[in-house]
């Protein structure tokens, strides 16, 4: 059990800045999902926390104790590797037992714990096999069993579900989450699967290009993205972005773009006035665009094409030169070229500063 | 993968013993060879003068070059055929593969003794021919008067012994040739011969080159086979070096021979690498 | 029909190849077991009875036994030394990035074309100076320099085949880097390392030039044969050849799985 703190963490590989000043405080017992595009430094972050990687600069603290220069073995962390790294020359039992053997636990205790972990992960019938005789999913569970059996201070998992088929992945997701809740181990979980992040994390840390973009609860990340990167990265299909201008006419305030002019509510006006710009980037998620709503927030356009996904229909609308994407119920049928009116939810849009890309509202 | 550590001194520390060892046992002797070769009572080039003044040196050089020139193409040809044959992957080919690789384990000493078993005056060949009444007295293959026969026995022995070395390299190259190229050729209606000359051979070029380079270098240092089968009947460079070192106890001349071999090896390597498309070869050599 | 012909051709070619490569080996073994009276009888191609006389004499009378022990000692020391020195280097080449890595690799490759005789003669002089001339240890040191580059390259390629993450997992679960190498990576590398040790053994066991130059009395088997066989009766030569060949062939048999890749590396 530990609280994990990273202070100004940097890791450079020559000219590549894999981590470029990460400040992150993780409360004890939290399940934190590290989310970000490929190559953004997620694995590197885990490796720095575990001690496998020497940091270029910055500190790592466990419970306020500086562990930056400690080797991995003295940190009391566990890790599930992206490739599992289940030792091929040891049977499943020995794989799980080995960390305890290293720490000189007595036999009875080892047996008890292996039994416990194996039952928990439903691999107790496989204890006598070699890893080569296991399926990917089974091997992964062995890796997890090995990682939890010692009740580490921090549990690190690097895309542990990435190699599983869809069904198994969904199953393992909830199993892992339940497990973590039961053990209460501080966990950092790497993925670039958004659904995984949203469903599993107590907290989500979104990274891009070695920098922490936002750290917050899943709802926060989704509903209050801190910047354009997070807004665009979370959610599928991607958020619609349009350039708008903030303007006043006869005491009323509007957001004006090439294709619409929306009135702005009073509370928002104060916020917008405080910024140093009149131009903003307007963002709205496809799921916040509907076929009915308030007239003032409507736009007229032409159906460009639709993607029928079953539960949802993704609608691409052409409005003059702009294209908007909306996520509609699956039973909606629209023809290409048809003229329609779409309505945006006035409570749900976002505005970003065009230069800093930070959220204004 | 895995190349993640930044602390530079650890890998260097790990390499250091190897480096020191190689400097001591290869670097130092190399320098010492130069010093010894250029030291004599008749000035720096005395040994070279002495060398070139003797008939043996030129004869040794000639013989070494001749042997190299004869055996390398033969080995290459046989190895190529063997590799193509094995690559058909017929049933039981692994067994034949093992048989072909037996000479890999044998030293030049045992290979020459095997060949002696066959070609000795009372060897199996002579006995067989005599019993078939093809000849009534043994044919002599060894001895100063039969230099030509000796030469061909040496060639045969070397071909027998070292063809598998070439074979292994070419087979490895052949196995790396993508099957789809050949299937594509089938679709375009290439004949067997066309497939061989237009597709397999060009793709095999890197392997063939590295095999050639290696074989030429080693052929140039040939010693055991010649020494055992012919002694100094057929002088060769390495044999002369050995003779001057152990029989005459003159390290300076021995080193001069060594230097000549090293020099010619260097020229051979350089020639191969320069004239025969280094790009291919480098890729092949480094992994 | 065509298929039948093709099959027959393959069988024929296989037999020819097998005969070509096996006959000399079989004949030398046979010859080493043939009594001398029968060997010198021009009417007997194949012996009617076999004897261990020549092998016995080679080993006991002609000191072959001592030479064999010498060879084993030289090979043992050379293998031990080259793995001790070369394994860390092989490890460094696969597990670390550092400046000059490619240069180092190239250097190692280059040493493979270094003529052995350039090394041998100066070593005689050096050994005289430091008092290890005509010793097996001296030969072993020279053989080590021959085997070492091979060991570095082969271990680096074996280790490259073993994911670092196994080793890192060991470090996570309580081992130091060195312990993790010993307990996790080494056992995984062991079959490959054993095969390469056998190859190293054959290299040393077969090496004749350096061994002959460096020693006079304490000779290894091939050096001993090279210098006594010439002056011995034929059947001793055959016995010697057999003794040289058989262990190497047995060893090769156990490593045949690695044969092609191993020689590929040792020849590059």
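Structural remarks
Which chain is which? They are A, B and C, in the order written, and residues in each are numbered from 1.
Everything that follows uses one rule, which is that contacts are C-beta pairs under 8 Å (C-beta built on N, C-alpha and C of every residue); 3 or more make two chains touch, one makes a residue touch a chain.
As the structure is a prediction and not an experimental result, all values here were calculated from the model.
More C-beta pairs in contact connect the chains of B-C than those of the other pair, out of A-C and B-C. Geometrically, the chain at the heart of the complex, using CA-atom means, is C. Chain centres here are Cα means. That of chain A falls 61 Å from that of chain B. Separating the centre of chain A from that of chain C, both taken as means of CA atoms, is a distance of 56 Å.
Work out the mean CA point of chain B and of chain C, and you get 16 Å between them.
Each of residues 52 in chain A touches at least two other chains.
Residue positions of chain C touching 2 or more other chains: 163, 165. Within chain B, contacts with two or more other chains are made by residues 4-5.
Contacts from chain C toward chain A in the complex involve residues 163, 165-166, 168-177, 184, 187-188.
Contact residues of chain C toward chain B in the complex are 10, 13-14, 17-18, 20-22, 24-25, 27-28, 31, 39-40, 42-45, 84-86, 88-89, 91-99, 101-102, 104-109, 111, 113-126, 141-142, 144-145, 148-149, 152, 163-165, 202, 205-209, 212-213, 222, 225-226, 229-230, 234, 237-238, 240-242, 244-245, 248-249, 251-253, 256, 259-261, 263-264, 267-268.
Considering their complex, residues 50-52, 71-73, 77-79, 81-83, 85, 87-89, 98-99, 102-103, 146, 150 of chain A touch chain C.
Considering their complex, residues 1-5, 8, 10-12, 14-15, 17-19, 21-22, 25-26, 28-30, 32-33, 36, 82, 85, 88, 90, 92, 96-111, 113-118, 120, 122, 124, 126-128, 130-131, 138, 160, 164-165, 168-169, 171-172, 210, 214, 217, 221, 223-224, 227-228, 231, 238, 241-242, 245-246, 251, 254-255, 257-259, 261-262, 265, 269, 284-286 of chain B touch chain C.
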